[in-house]
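Letters are used for the chains, namely A, B, C, D and E, taken in the order the chains are written, and counting of residues starts over at 1 for each.
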């Protein structure tokens, strides 16, 4: 079947840079006549989009894909698009490692979600659980607002919010530094290397059924795009800035820290399962109650 | 033929009987004054006759075309000027000139001055409010008028003037009315017949026809009739005497 | 005696109103069921699923605690706004100049979404009960204020004069003459304010991650567990309905007994 | 003639109220400035920064467009709720049985946060104007409904009887006697509903990613551009104030001219 | 010593002058009846005297302790029963038994029956409302009473009864009152002095002392005094004659 138009959806975060670049640079011409990129911001949008069939190919958290899959939604994870984009940022130059956090306060967004669960696992690994004060904020925005105003010192935030915070701080004559790379810490916990497969491209069942032949060109296009983005962040930023509605310096500077990849899902399965298992330990409902089986992976 | 027949009317508020077995006919061109002690059910009977309260029992038969009511309180729209309040009674489709002249005629009849017409009810004196309500009823040009103690807030001159209007209203033999009042002289002056309600609403106690046509009565005749009713007629004893009423 | 009989009849009337309220709710549940059948559980779980989820939740003590937390936050916000709003509204009702001065600020409070200032609250009060309570209070305040101000401003001034002529002191005049008139206007508005308080409390918990039903809701949502999310909302609404029908409406019908007297049977509308 | 003079005096009064409203707003701005100085620009940009940002935004045509989009969505939601709510409220006001049946549903509409059902709207209407308009309408509807129902139910029945006795038809009685009394109660509540509509529209745009000021706000926030975010809110509030002082309040003071007559100078309160 | 001095009172509503240069003294133990055509400013003057309206000019001097007002409208609290409405006038600190007996005494004086006391104002007849308002004023046991057409809705028997109460109120020489009425017979029966207000509020037209103490007057004397005032005394011409008034 021919595909007149394909709309790729992604959140306003790292992996979407790849998508926006791929669309903007015309790397997906083989997939459909017209390819567009749109962002989604809330889980509600995603829920509505998947249900109504307007969303066919969506970048989403791996946990969300797992959840949808275990609920029997027929969604398949095609690839992993980032190997993690969580960082601890701080205004205190003394903070360089997890151990430095002992006895201090850190603010974590999205309670009970991936960032907090990962952070808890890392703390437990270091034997620091309960030895510091973890406070929560609704979204990274509030955490950064508090950080920049000097109310708090340290926060755990994802890219590109971390980069945005640092740029914002420098314009205000402050310094915020990237203190801890959570991907590395996570690698130490799992022993699988600094890989934290946070998000990937998920395909809706209708797409899998009707346009199976388009999957290969789509994935290879994204692979190519990933390589080009990493090689030339400035060019990528030019394509992605307007689509993501983020300033291009933020995008350019966040690319190196976004760990952008395009690993086929099946290939990343051990790392994905390590992540999902860690999450399932404390918050099983987040992935639908149990580990997803083969059906999740394309 | 009668303009209004009330047959065997009975009513109760929240289980308390207020009116019982009231039968009253008002002929065409007749003006009936209804008297009775305060709280005996006169207003309730008037509301029933005007179709504003459904009686618990009894039948009502109206053969006139339109009626208007002057209530015991003025019941003016607080958000409308006196002019608009009077205009309320006019039919919708009137030309504005026609409208204006009918309002003015009614207001003049009620002795309201032109610049009082632009006042809101809160700005009117008690008597002016009452006159506005009267003017509203007059403007409707209804052929049956219900009056519930309509002239209580008026000075003697205005009162006499308004009574004359009522007399003229019923004078041509076509239009009728029911007139509640506590002022015996007023009743004797304006009505063809006085009907006395029982002090507990327990039926009509009795009635008295007044001699002569209303326009033909003079002050002396009115005074003497009132004196006679009050002093000598047992029908009015409980209206006139509080002791009489208490012992009843 | 009569008063006892009257109260019994009023209680009866109140129960009857609760009963017809339930009837109304079942119509609503039917519509819900139809929507569920059209869109499936992922968008809108059926009423039964939601009820089951709610029941499961309630099997756990912690759910009761969350419910209590959120309700008490919403109620304290409501009470706070009720007190401040009524007092300020009364003052503004008496002095139109103050009302004119404050009116745009009331509009501001009404029209500015909480995300604009929730950070400030988080700074002042931390991410705890106080922030949520304050958000609920800020959401209710303009509503209560306008209701109270309107209640005072539209009072019957003739009664004021009457009370003055009896030599009643200012306080007594206020309590005996003006407050009953104000309450008459304020009560339907308190119903609005209460609903708003619950909604605002849940949203604030969601935005500020401050525990309570809002956070549970956020977790259910990010887990894509729609039945649970709806169950939480169902619980919060049940709490709201319990407060409304247990507190506001009875108080109101107590205060408005005289209105029923004005509408005996047999009187045409 | 007199009516012209009266109107002039009323316009004067209205301008004066606008003026003292501005005075009130500057008090508010002063408090804002103090908070800004205490917490810095990242938490709360100063009023001046925000104004500058708003001015810069308005230099761009697209900002006007966003403003227009959001305002028109909020206003259509308001209008929709206004029409439906008033009609339904009138019916419920006349028939207490219906009011009892509907009351819990109104509480539901008041107390359920939009996140519970915005997904449904997004499915039905897509992520566009319709969803936002509907959210705003749902937020206003219970408020308008309760106001209208209350306005009808608390009408002066003596006036009804008076109108009936004059032989006025049902329609005329409704329009001439009942509607003015209802509007008297409804108008202060329309002010609440309008504010709520704007707030709900912005929040819905934010939740549904549906363009307008809400989305611009979300973008500014994710860019950590607090001044811009506040500027957007400032713009939406300005639109709200413009509608309120340009439309609702003048209509109201027109309708309530008689109240001023009741309060001449020299009369003690 | 006078109980109340009004000196050179003037008032205007929204620029329209209503009262001008009114001077009126009411002695201790004196009951003054104020008459004048409808809309001439009687109620306004009473409100000013009772301190409810600040006059534009003039001085008011009161030497009594407490006053109470019976307004032209009943002004009852709609949400309170008749009993509570009457109780409004009592001081806060009264024992509930004392309270009950004072309410009952005032209600009995106003001829209200026990079971009417539990009705809300909407459930009362027009005359009952008025009597409740009177009972409220009586319950306050004030030593100066203002009456603004207080008995308009009462039947003759009740009216006479209430007039007797007013006469007794001022009878002991200590308590005073100002009594607005349109009923000349009522004024002649109850008052020591009748004061006539100009039809435009333009000062006091004149006054007439009534012979004998009120308790000593009989019906014949009252009737003849009224007849004399109305027919022969030019002071009352504009109260009695509408034509007179129009030509004025």
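Operating definition for what follows: a contact is a pair of C-beta atoms (placed from the backbone, for glycine too) under 8 Å apart; a residue touches a chain by one contact, two chains touch by 3 or more.
Predicted, not measured: the structure shown is a model, and the values here were computed from it.
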Give the chain pair that accounts for the most C-beta pairs in contact. C-D
Name the chain whose C-alpha centroid is most distant from the C-alpha centroid of subunit B. A
Quick check: how many Å separate the C-alpha centres of subunit A and subunit D? 40
Between subunit C and subunit E, what is the gap in Å from one C-alpha centre to the other? 48
Cα centroid separation between subunit A and subunit E, in whole Å? 86
Quick one: which residues in subunit C touch 2 or more of the other chains? 39, 43, 119, 123, 161, 164, 184, 206, 221, 262, 267-268
Note: subunit E residues in touch with at least two other chains are 13, 51-52, 73, 123
Each of the following residues of subunit A touches two or more other chains, namely 44, 47-48, 51, 145-146, 149, 151
In the complex with subunit A, residue positions of subunit D that touch it: 39-43, 115, 118-119, 122-123, 126-127, 206-209, 218-219, 221-224, 226
Which residues of subunit C touch subunit E in their complex? 2, 158-159, 161-168, 172, 176-177, 180, 184, 255-256, 258, 261-262
Per the touch rule, the subunit C residues reaching subunit D in their complex are 16-17, 20-25, 27-28, 35, 39, 43-44, 94, 97, 100-113, 115-116, 119-120, 123, 142-143, 146-147, 149-150, 154, 157, 160-161, 164, 184-185, 188-189, 191-192, 194-196, 198-199, 202-203, 206, 217, 221, 229-230, 233, 236-237, 240-241, 244, 259, 262-263, 267-269
Once bound in the complex, which stretches of subunit E touch subunit C? 47, 50-52, 66-69, 71, 73, 75, 77-80, 88-89, 92, 118-120, 122-123, 136, 140, 142, 146
In their shared complex, at which residues does subunit A touch subunit C? 43-44, 47-48, 50-51, 64, 67-68, 71, 73, 110-113, 135-138, 142, 145-146, 149, 151, 283, 285-286, 288
